[in-house]
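Okay, structure first, notes after.
We just call them A, B, C and D in the order they show up, numbering each chain from 1.
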Amino acid sequence: MAPRKLRIAAAGLGRMGHRHALNFLNRTPRAELVAAFTPDPKELQWGKQHLEPFGVTLYDDYDKMLEHTALDAVVIGTATSVHAEEAIKAMEKNLHVLCEKPLSTSIEICREVVEAAKKRPHLKVMCGFSRRFDDSYRDAFNKAEQGLIGRPTILRSQTCDKHDPSGFFVEYAAWSGGVFVDMAVHDIDLTLWFFGDDIVPKSISAHGVVAVQPGLKQHKDYDNAVGIVEFWNGKIAHYYCSRMMAHGQEDVTEIIGTEGKLSVNLNPQNNLVNYYHAGGITREIPAHYYGRFEMAFVREANEFAAACLDDTPLPMKLRNAVKAVEIGAWLQEALVSGKQIHFDETGRRVEKASL
Amino acid sequence: MAPRKLRIAAAGLGRMGHRHALNFLNRTPRAELVAAFTPDPKELQWGKQHLEPFGVTLYDDYDKMLEHTALDAVVIGTATSVHAEEAIKAMEKNLHVLCEKPLSTSIEICREVVEAAKKRPHLKVMCGFSRRFDDSYRDAFNKAEQGLIGRPTILRSQTCDKHDPSGFFVEYAAWSGGVFVDMAVHDIDLTLWFFGDDIVPKSISAHGVVAVQPGLKQHKDYDNAVGIVEFWNGKIAHYYCSRMMAHGQEDVTEIIGTEGKLSVNLNPQNNLVNYYHAGGITREIPAHYYGRFEMAFVREANEFAAACLDDTPLPMKLRNAVKAVEIGAWLQEALVSGKQIHFDETGRRVEKASL
Amino acid sequence: MAPRKLRIAAAGLGRMGHRHALNFLNRTPRAELVAAFTPDPKELQWGKQHLEPFGVTLYDDYDKMLEHTALDAVVIGTATSVHAEEAIKAMEKNLHVLCEKPLSTSIEICREVVEAAKKRPHLKVMCGFSRRFDDSYRDAFNKAEQGLIGRPTILRSQTCDKHDPSGFFVEYAAWSGGVFVDMAVHDIDLTLWFFGDDIVPKSISAHGVVAVQPGLKQHKDYDNAVGIVEFWNGKIAHYYCSRMMAHGQEDVTEIIGTEGKLSVNLNPQNNLVNYYHAGGITREIPAHYYGRFEMAFVREANEFAAACLDDTPLPMKLRNAVKAVEIGAWLQEALVSGKQIHFDETGRRVEKASL
Amino acid sequence: MAPRKLRIAAAGLGRMGHRHALNFLNRTPRAELVAAFTPDPKELQWGKQHLEPFGVTLYDDYDKMLEHTALDAVVIGTATSVHAEEAIKAMEKNLHVLCEKPLSTSIEICREVVEAAKKRPHLKVMCGFSRRFDDSYRDAFNKAEQGLIGRPTILRSQTCDKHDPSGFFVEYAAWSGGVFVDMAVHDIDLTLWFFGDDIVPKSISAHGVVAVQPGLKQHKDYDNAVGIVEFWNGKIAHYYCSRMMAHGQEDVTEIIGTEGKLSVNLNPQNNLVNYYHAGGITREIPAHYYGRFEMAFVREANEFAAACLDDTPLPMKLRNAVKAVEIGAWLQEALVSGKQIHFDETGRRVEKASL
């Protein structure tokens, strides 16, 4: 008898949604994509061409998709605003859930999802942070775990997108939660991974400028922002987010320990080619995050499938996804208000004067 | 109706064979691995565990496997000595063939395969040279095609394996055809790709040493060899093969043109991590060729499947595979004999004195 | 008649002092080191061996050295606490002054030196910031000036020293002014260079930890500190100082513009050697700042001599040296107090509430 | 009393000559440039401006210069054709000699210089091969000496000049001795250094093309040439010389040992700047060999001066300079004749058939 495969349905066939669908269709041997949902007619059309011929049933109604025969799991790649609702509905149907980050830009709503998941401990519910599945980050984490750099103390991490003059980022800012929630949330998640998810912030500072996308001001957002989070256990993380890179995607992390340092992607590159010409030596770099992290998403799909089928622990905790958004939101608040934020050792927010 | 998938059988489940089998099973969406053959009981056992549960029928007889219902194609990853015979048998059964390189270490036998394929032009018969399917080489080739380096003139290419003290390479040398046939054949194939497959050798020199594997001498082979092929159209390729690398796999190519240069993998690396420590900054590199070329083999499987299903041209010509072995054999001859080899402009071999 | 050479005297023969002395003695063709002063018997002994035989008169009294025959200039490399006094005394003797940074850790005293220099505009008075004389920084600055990166917007710069377990840094912290005044002052000076020296800070945040040198706490200093300076013209600089690097000196700068980016020393290296071994590929890096900036100090000496002899403008303004220390002191204040600092558009310090 | 300085005279003020003169004038603390000779009126004019004002006496007659008061040494940077004669004349005047490479393109004449030097063992006579004085090569050599790479076995080295469309290289080829004598001689000298200067060639092959400088054909020279020298002790060196680089000077060396590898300048660079732009990440590289080796020439001058003054051994043997030219000439012969050259274990040349 053939081994059972995870029967999964994909919600959303947009920018990330269609990639998750294809990854589960073609690059996750232990999963079977059986259904897909999108409310968008254009995306539905795409599904008719790329999914339906391979046995995937299409739906324009999320609730109906959840009724699909013998479904095991749902991968959610719709708009952020419906992530939480869809995740909870899926859990109510007893389905495992892999949800694109973030669960929500609202901490309250994030917590509701966590609560819903806590009530159903037999379900695997994961909010995917792609870097946790990237070969290079895994290798760096293992090296840190082995003690190669002593005690990790300073983490510098940046998420920098290629400049997009189309206005996309301005529209996006209306509901993204701001650069620290949308972009730095990855860097914050790495911080929780490398520093330990029990770390407690002590103080937070952030500064930003609008340099190339004046439209961002109306949404109180910035195209370049720098922030620092100091933790109570003697560690510091500092972040840089930008949507202004001329050269492409540049997501870099350095973990500095008491006895060494690890860097990830300090020298971004598209492939192993260098071009030598009269102006020097040039290498190209990925234009977008998917060029950098494609294989991480594939691994995410495979590890999620394995955890569901084998009932093994997921590679990351759901509540970290909430904590990362929470810290992101504080950074964003510090950025917009121009004020430092302070916390006591229990994580309770305090006025500096009262410390 | 679901789109038709290529029904393929895998011959050989050894070092490369089992990788081909898994790639067709799991990472080639348009193909379906339906059968596999191996004469080796241990490999058969592996197949029972990793292939059979997924609907793959196992055979210990190649001929019987060819009778498998509705088969379209065979991927051959057995020992080199049987490549040609198996390829020809498959063609006789009207099956497409993807054969691991080389077709044979004998030029005569290589040519028989080409002849057999010529008689069945409706069949896709390919001898896979993995580098042709590698992202970086593809990018370099496209840049050269676009004229970015002017006229390609000098090609330097090396295939260097990590030192293996187990004695494996010595055994292997008994039937591998020698370093230039076994290893440099990749570099020669790249030469045909970048310089044009109609290039005619003018003269060939080669020198080698046995530095760490004295056992190679009994097979008239070397663990380090350097060779030069000068072509009649004013181009030169030079090669370095080694089985002595302390650090891992290091396959490097430079294509030097009249107006620029392209390098591929001049700075090998395992991933994007750098480790900073008291001794400096270190990065790791792949230990073996599969660490470097894994995704190229996946692409090879996918492009082969597409060519068979859509009846489109294969990405490389079968006769190049013969020409590469032929040049490799001449280099090996020059190496063993300690004599330069010369050719006239038609490619006919001549004594230098007669030129 | 031989061209006139600048007759210069060196004050201080300690860590930096003796290097300045040797640079003026041996590597500054247009200068002649004629005298040297040090109050330290051990340094005097060194001078007897390395300077006296080459015609340099030694003094253990600074004032007497200033009376040396036909002196043109003084290079001051003594302890920071006496820089200002010695600089002013030299100016009073009508001598050009090249003073090791900083003029003082006190802004007040810095300003006194600037005032003294203003009264004698015919004198060349420079506080040397070595990076301004470094080939790579010069090249980066020229590229930025040419508009290659559009409008410089974000500057990230770090000064990171190799961990020194001897306790030297703890002693040093007693009078260094703190990490931001002692180390980041270089990064701040670069900021003034790349962003323009008329930039006005808007807000300043800083956070630090004591990770490996607990003794620093008694001096209210830190071995790792991160700070951000936001400027009124829509630019941000962020800094990282550390004395904890396992691997060596790592001074990195990135200047990110609206249309491109420049990096300086992102991949530190001692020389052009790479060592390939079973653990990967390793390169060494300089252990100390002099390994990185030796030639910058030589150029500094030569450009200072040229400016004095030819009465041409110095390559950097004296008041920038004060401004850099001032911003450093604010960062240090923000670090120690745990409070953000705010300024109005005229640079006047304000409480955030009042903005 | 001031320590004695080496009183040196410079012969030749052309391309390299004027650099040697300035290095001894300004960057060799233990030497004093007291005289200079050039037969060329334009060079003499340059000397009047840049040397005479600093106390250097100019001569347009070499013999007269040798009579200059109290001279200790001569640095010879004239045309290759007069190197040997001038060197011998200087020795006859009891002067130490630093001669730009090569002593001569004729082995016979080279040997005469060596003979002349042997008769005067108290004189320091050196033919400068700049790479021996380069920091990176020194470091690599020390690492090899310490056994870090086991037994050095394969050396790959290239000397590649930026393409010069002016026709300079064609003119130059008339008397340069050919690419292997003019360019590869550096790589051969490195081979003698890393493999030991007692190595005996076993066989030599070389191939070349004329790709961009058709005028070279009239001088039986090539703008791209590849050569292999196999030695009797189980070592191989292979070389690439080119005058066709679009991007600048690219002199690379790899030393591959039984337990590791060292590379020197595999990633050439002008400085530590990287420029990030819409087309990728670019670094510039030196346009000419002096951009790469300037500091090596300075060190050469200093070490030569020290050896003369302190009567210590020179850092390289004179007869190596002859051996390097000899091997270069054999490579050039193999290149032009299209025939492999063979030697017996004593280094005697033999026909292959007779082996």
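As a convention for this text, a residue touches a chain if its C-beta (ideal position, glycine included) is under 8 Å from a C-beta of that chain, and two chains touch if they have at least 3 such contacts.
Remember, it's a predicted structure, so these values are computed and weren't measured experimentally.
Note on B-C: its contact pairs, compared by residue number with those of A-C, C-D or A-D, agree for more than half at A-D. When you average the Cα atoms of each chain and compare centres, the chain farthest from subunit C turns out to be B.
Mean C-alpha positions place subunit A and subunit D at a centre distance of 57 Å. The distance from the centre of subunit B to the centre of subunit D, each centre being the mean of the chain's C-alpha atoms, comes to 41 Å. Listed for subunit A are residues 149, 245-247, 259-261, 266-268, 270, 275-278, 284, each touching two or more other chains.
By the touch criterion given at the top, residues 245-248, 250, 267-270, 276-285 of subunit B touch subunit C in their complex. On the subunit B side of its complex with subunit D, the touching residues are 149-151, 153-154, 156, 203, 205-212, 224, 226, 228, 230, 234-236, 238, 240, 242, 244-247, 256-261, 266-267, 338-340, 342, 352, 355. Listed in rising order, the residues of subunit C touching subunit D in the complex are 1-3, 25-27, 29, 53-55, 135-136, 139-140, 143, 148-149, 259-268, 270-278, 284.
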